[in-house]
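Below: a set of structures, written as structure tokens.
There are two complexes below, and they share subunit A, which is joined by subunit B in the first and by subunit C in the second.
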Partner chain A sequence: MDNLLLIQNGQAVSRNDIPDLNFSVFQQVVLEFVLRDGFVVQFFAYENEQGALKLLAVLRSGVNLYVTGCSLADEYPSLTSECEKFHMFEREVAEQFGVRPKDHPWLKMVRYHENYRGKEDVFGNDYSQDIPGNYPYFTVEGDAIHEVAVGPVHAGIIEPGHFRFQCAGEEVFSLEIQLGYQHRGAEKLLEQAGQPLLRLPVIAESIAGDTAIGHSLCHSQAIEALAGLEVDEGSKIVRTIALELERIANHIGDLGALSGDVAFNPPLNYFGRIRGEFLNLTLIMAGNRFGKGLVRPGGIAFPVLEEQRRIMLEKITDETPGITNVCDLLFSAHTVLARFDHTGTVSHSVAEKLGLVGYAGRACGLAYDARINFPTEAYDSVQANSNQRTTGDVYSRANVRREEIMHSLRAIPELLVKGVDAEPVPVPGSYTLAPDSFVVTVNEAWRGEVSHCLLTDKDGAILRYKVKDPSFHNWTGLAMSLRNQGISDFPLCNKSFNLSYCGFDL
Partner chain B sequence: MLKVIQNRREQGYRTTKYPEEPINLYSRYRGLPTVHQDCDQELAHRCAEDCPQQAIDADRMIIDLGRCTFCGQCEIQSDGKFVTFSNNFELGTTTREALLTSGSLPALAEHSKKHFKSLFGRSLQLRQISAGGCNSCEADTNVLGTPFFDLQRFGIDFVASPRHADGIHVTGPISNNMKAAVLSTWEAVPAPKVVIASGCCSISGGPFYGSKDIVGDLNSLIPVDLYIPGCPPHPLTTLHALLQFFK
Partner chain C sequence: MEFTFSPGSLLTFLVAFSLAPLFMGVILKVKAFFGGKQGPPWLIKYYTLFKLLRKGSVYSTSTTFVFKLGPVISFVTAFMLLLFFPFAGLPPVLSFHGDVVILFYLLGLGRFFTVLAALDTASPFEGMGAAREVFFSALAEATVFVILALFFRLSGSLSFAEYFSGSQVVNLWSQSGALILLVLIALFIVLLTENSRVPVDDPATHLELTMIHEVMILDHSGPDLALIEMGAFCKMLFYSSFISSLLYPFHMGFAVVNLVIFAATMTLLYAGVGLVESITARYKMDMVPNFILTSFALVFFATILTMEFIQ
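== the complex of A and B ==
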């Protein structure tokens, strides 16, 4: 496989080693790989030092990770028309660099912003106008058809996004999701020239605040690879625990919310409170309920001492029986089962075609878990989890989360009895990055595969910083789950995915 | 049914007695800082230079809590000589200037606008707008509805329609793509109405300061009545601010 470079998660390689193919070879290699059980981790463009536009693809298959690249013209034949997994990525490249993928079946803006090169806009938008911009929603024609538009501001404390349903009566034919409202220009800010590196961890942990640990791990591992920083074993264990606490807190909150969505209030309230206990455990370590400030390139900013270790162990021992019982209450209530079962089903084959990740993928039988396939931190000592029911419906997504909660509750005490002694890192930013290098990091955050990709120039400055949140893959899964569903099932389906708006919007 | 009763017994009654009884957050929580005025100038300047948020003014020996994310780096770096963070979570203010502090904030209750107290003291309905927020401010506002905090016992609630609201509670650095929605939501709230900026993003752009894709300061769009700093503000910071400002 000369045309694909085998790489390791979180290990820097020289940019010169990345294949630089001509486009037609690149297209053939990448399509062949992905159509034969491969998945897309990253697919993005960048301008090199000479101003030439380049395209890079990071692909995975099993436990192997590859990278390859090519030059990119202002127009190229779309890969999406042959393989759905590229759909959102190609739209993103088009938006960021003003490049047109010809015959892309659904070419529309992703986030609504001007492209980085000052090229003519692919979508014909005038960015001096505020959103919603210039694009026609997919419509279904017919006498009995009606359209429902929801958002961007929703009824609740929730992030903004626009949902457009095409329905016949109660039944949804098509749901189109338009995001971009949360776009803050995170990637551009991360690669801003001349800016001190110590700003980056703070930006990274705010890409998606509910995934602060997931994103800051990806960021820190990438910087560690490029700066040659060693991380001690204690720090790795603490970082692993932090990621698992993040997983538990989010899953528990969502199980409660799912229960609320089917009007079964006891678990909603119990899990609402219990979720808080886990955020407070993160505060015990980090001084912040979301773990902001904890993970920094080189290790952790705050040590976990005997006192914190004891509090965490006690709390987890105390709460585990209650969590088990409330889960039992939720999953044995007939009214709940009647609503979870066979609702919002995404078939295995659709999930595979779209490349769903995280619990959304696992609930459809795509077993991929980056903790197992590309272990970082202390994950090679954590036993793999497995899922009992993978039929792709709300029940499966809820049940996978329940299984993951129980798995993490077992894993954390095992990690805590190992040595968590670690020297906190000094002030970040007092290091330089290797020049002309490339690194990709992959971690299984609570929603699934988070990945950061960095390219440095000849002086070691960041030339391109590419971020991918798992939601980038999974929003299309939510849209598919609504096909032929009652529109009143939308909140339930939505919560079962619970995707990130800001993680997608960057 | 038996399971419902059994779980109800196990879970018990968990609502905090705050504000009747004080609550102590764990010592690691970073709340109101004290800037040590006797700190060596050179050390103070080094902390200022290394602050990722450019929140420290070493000449005036103050920290801008509207920019600070409470990351704690300056405390670690100076070994507590320049600044120490207390676990006092009472951080809300009525002016932007008051957030530039060396360690004391004006008593919020005395500075709140009296007519807001009489109008909304018994019942306050807010419309929350996430405008580029990372979802941690949103999440830690949402938890005020859980049994531990139980915000509704104070007559305060978050509502779905701006038409039913007495004001807006804004999180996030106001992405350009949310600017129109923020303004039209605000316009839809009947006057008199209150505007709350929650989290360092809505106050100063937070971690995203300098991005051309954000407005970065809610007050530049709509006059802000109440500032709640933090990244995100602790739920108790929000609860304290709402109670002091409106009750």
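== the complex of A and C ==
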């Protein structure tokens, strides 16, 4: 394993320790690893101090995390043609650095932006134009085929994304998803924020509004690793609780929305109210219903003491029976089950090939949960959750969420009764990040595996900040779930995944 | 053909027409109750109508006069239905032998123009909705015409006035009540289908890909939308009155008493629609034809039974 460096989640290593292979060895090592039973956590390029282009791959297998790297030429043989897990990553690298993966089966834009090096665009787009390029969407031809284009502006309050369906009557043959409408350049903003790094947490928690805790936790852990900051026990517990509250609030909101999508209104209304209760619990901790401003490098920004713990414990005890009842109402209505069962199925083998993460992956029988495999914060004291049904359909995805809600509702009181006070960290003047270092952080946010990767240069400035939202893996899963489904079931499938647009667009 | 015009019934007709939006409020209130909410005000549909009528209409440049014609015709045809309906057993404003056949085809005409207007927008959604609407209502039409055949066997008439206000009334409590029970269930299914209610369609959804009727009127706005809404209220009122008339014998002597009982039956029926919407989810799109054809099977069976009974 000389070619792969074993690393720990959230622990910095020197950049010099990362293997720097030549490309053919890198390709062989990475493909062999991933095709055996590995998954891709991060796969990205960066320019080093000398302006040379480097490629890094962070891979996982079981409870082990590895990193390896190589130099990258302007053109290289694509890994995607051998293994689908690299498909979106290679497109991203091509877009960000103007590098062409040869024989990539489906080379197209990810987010429609100019590359960072001022090279010629791989896709032939001209970004000075209003319409940068005319991408030919995948089409199916024939007399009975019709094309339906949805978005990027939608009727409901959802984010912008374009969906292109090829249908025969009601049946969908192919769905192509184009995102990028919310590209804000989050990675560049993080890299260029500069000292004293106080802006970084604010940017990190705005990457995806519904995953504010997930992303700010990943960010803070990375900074802590590089700056050598210690986090006290109480803060770790609070951060764990915050992540679980975010999970509960989002899962409850989505179960309600799933119910609303099949026109079964009572759970929609009840869950809507209950979701508010959990957002308000985050408010008690952070002063913000989405937990913004709570997690900061070194700990948390607000005190969480006896009084807050008591309020949270009481509220969770009060709400748990109600949640159980509404879940029973939803999952016992046979007309609802008729809609959820066998709808939008992603088979285990497809999910494994694509490397789905989070509840979407667990619903297909991929048990991976970063809370168990790579525990951070107080997760080593939280018991693992298990899922009863993993058939990959809408029902499974809904049921996994129900089980996760119940699991979190058990886990939070266990953490609360430990009774450890958490004092806020003083606002720091400035951190000094370790020079020439590399760190990757992985956390199980409510949607799945969030990962941040940080590289520093010889002065300790941020050289590359790479963000990966779980949606980056899972959007392809949604496209696959629509194969041979009724087009009228698309909203239901979409809601069952409920992926992030802005988390993907960065 | 005898053509009757009774100006005295104009009042009943006007009351019924003006109450149509109020009844829709009943559905919303029942749904809100089951959802644990207070719900919108009872008069919400009137407010909506006045709001829409005050607005201007927006027309896409790709549409033609057909697009503007759609709402007018769909409203006028639904409005005409009510003129022929004997509310609370009182004689209708207009009536002639065989009016039922024309009335159901008038509804078909209204739908035809709604569909044309939808296709006129050249939106892929609206074409999809139009295809669904035409398919499902064609199935529902089969049920309706079997019901008419059955009623002809029972009463020998082909006019609403004769069904419900003549001497040979068709009613649940009459001699052939068992058959009417099947008709009631079938008509309720037709009502849900024709008025785009759950479990066939979801009038409250914002998801274009799942819509049937709503998606066809996405491009209509302002007064045009108000006309479509009023047409929908009339249609709903028509089907509900049809069912209510079968449910209750309106021969209590005083017209006022009849009207009150009729209104109460109607309210219960609308509440029933709200109840169904609260306790069931929508069917999968490919299940909807089965649901509608169930109504056909029921009335077809009822008609076969009359072959024995009458002879």
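Quick note on the criterion: the second predicted complex is superposed on the first by the 494 of 506 C-alpha atoms of A that agree within 3 Å, B and C clash if a C-alpha of one lies under 4 Å from a C-alpha of the other, contacts with A are read in each partner's own complex, and residues count from 1 in each chain.
Just so it is clear, a residue touches a chain if its C-beta (ideal position, glycine included) is under 8 Å from a C-beta of that chain, and two chains touch if they have at least 3 such contacts.
As the structure is a computational prediction, the values presented were derived from the model and not from experiment.
Chemist: Going by the contact rule set out at the top, does A:489 touch subunit B (first), subunit C (second), both, or neither?
Modeler: So A:489 only meets subunit C here.
Chemist: Between subunit B (first) and subunit C (second), which, if any, makes contact with A:389: first, second, both or neither?
Modeler: Neither partner.
Chemist: Identify the partner contact of A:269: answer first if only subunit B is touched, second if only subunit C is, both if each is, neither if none is.
Modeler: both
Chemist: Give one of first, second, both or neither to describe whether A:353 is in contact with subunit B, with subunit C, with both, or with none.
Modeler: Neither partner.
Chemist: If you stack the two complexes on chain A, which partner ends up touching A:410: first (subunit B), second (subunit C), both, or neither?
Modeler: A:410 sits against neither subunit B nor subunit C.
Chemist: Which partner does A:261 contact after superposing on A: first (subunit B), second (subunit C), both, neither?
Modeler: In the superposed model, A:261 contacts subunit C only, not subunit B.
Chemist: Just checking: does A:149 make contact with subunit B only, subunit C only, both, or neither of them? Give me first, second, both or neither.
Modeler: Touch status of A:149: second partner only.
Chemist: Applying the document's definition of touching, compare subunit B and subunit C: which contacts more of subunit A?
Modeler: B
Chemist: Between subunit B (first) and subunit C (second), which does A:418 come into contact with in this model arrangement: first, second, both, or neither?
Modeler: It touches nothing on subunit B or subunit C.
Chemist: Report, in rising order, the residues of subunit A that make contact with subunit B in one complex and with subunit C in the other.
Modeler: 155-156, 266, 269-270, 273, 333
Chemist: For a test of understanding, state which residues of subunit A touch subunit B in their complex under the given definition.
Modeler: Counting only subunit A, the residues touching subunit B are 111-113, 130-131, 152-153, 155-160, 180-186, 188-189, 192, 196, 198-199, 201-203, 205-210, 212, 253, 266, 269-270, 272-273, 275-276, 279-280, 283-290, 292-293, 301-302, 308, 322, 325-326, 328-329, 332-333, 424, 426-427, 429, 500-502, 505.
Chemist: Report the residues of subunit A in contact with subunit C in the complex, numbered from low to high.
Modeler: It is residues 146-150, 155-156, 169-170, 259, 261-266, 268-270, 273, 333, 335-336, 338-339, 343, 486-492 of subunit A that touch subunit C.
Chemist: Residues of subunit C touching subunit A in their complex?
Modeler: Against subunit A, subunit C makes touches at 31, 34-37, 124-125, 127-128, 131, 198-199, 202, 204-210, 277-287.
Chemist: Looking at the complex, which residues from subunit B come into contact with subunit A?
Modeler: Listed in rising order, the residues are 3-4, 6-8, 10-11, 14, 25-26, 28-30, 50, 52-53, 69-73, 76-77, 85, 128-143, 145-148, 158, 160-161, 172-173, 175-181, 185, 201, 206-208, 210-214, 231-232, 234.
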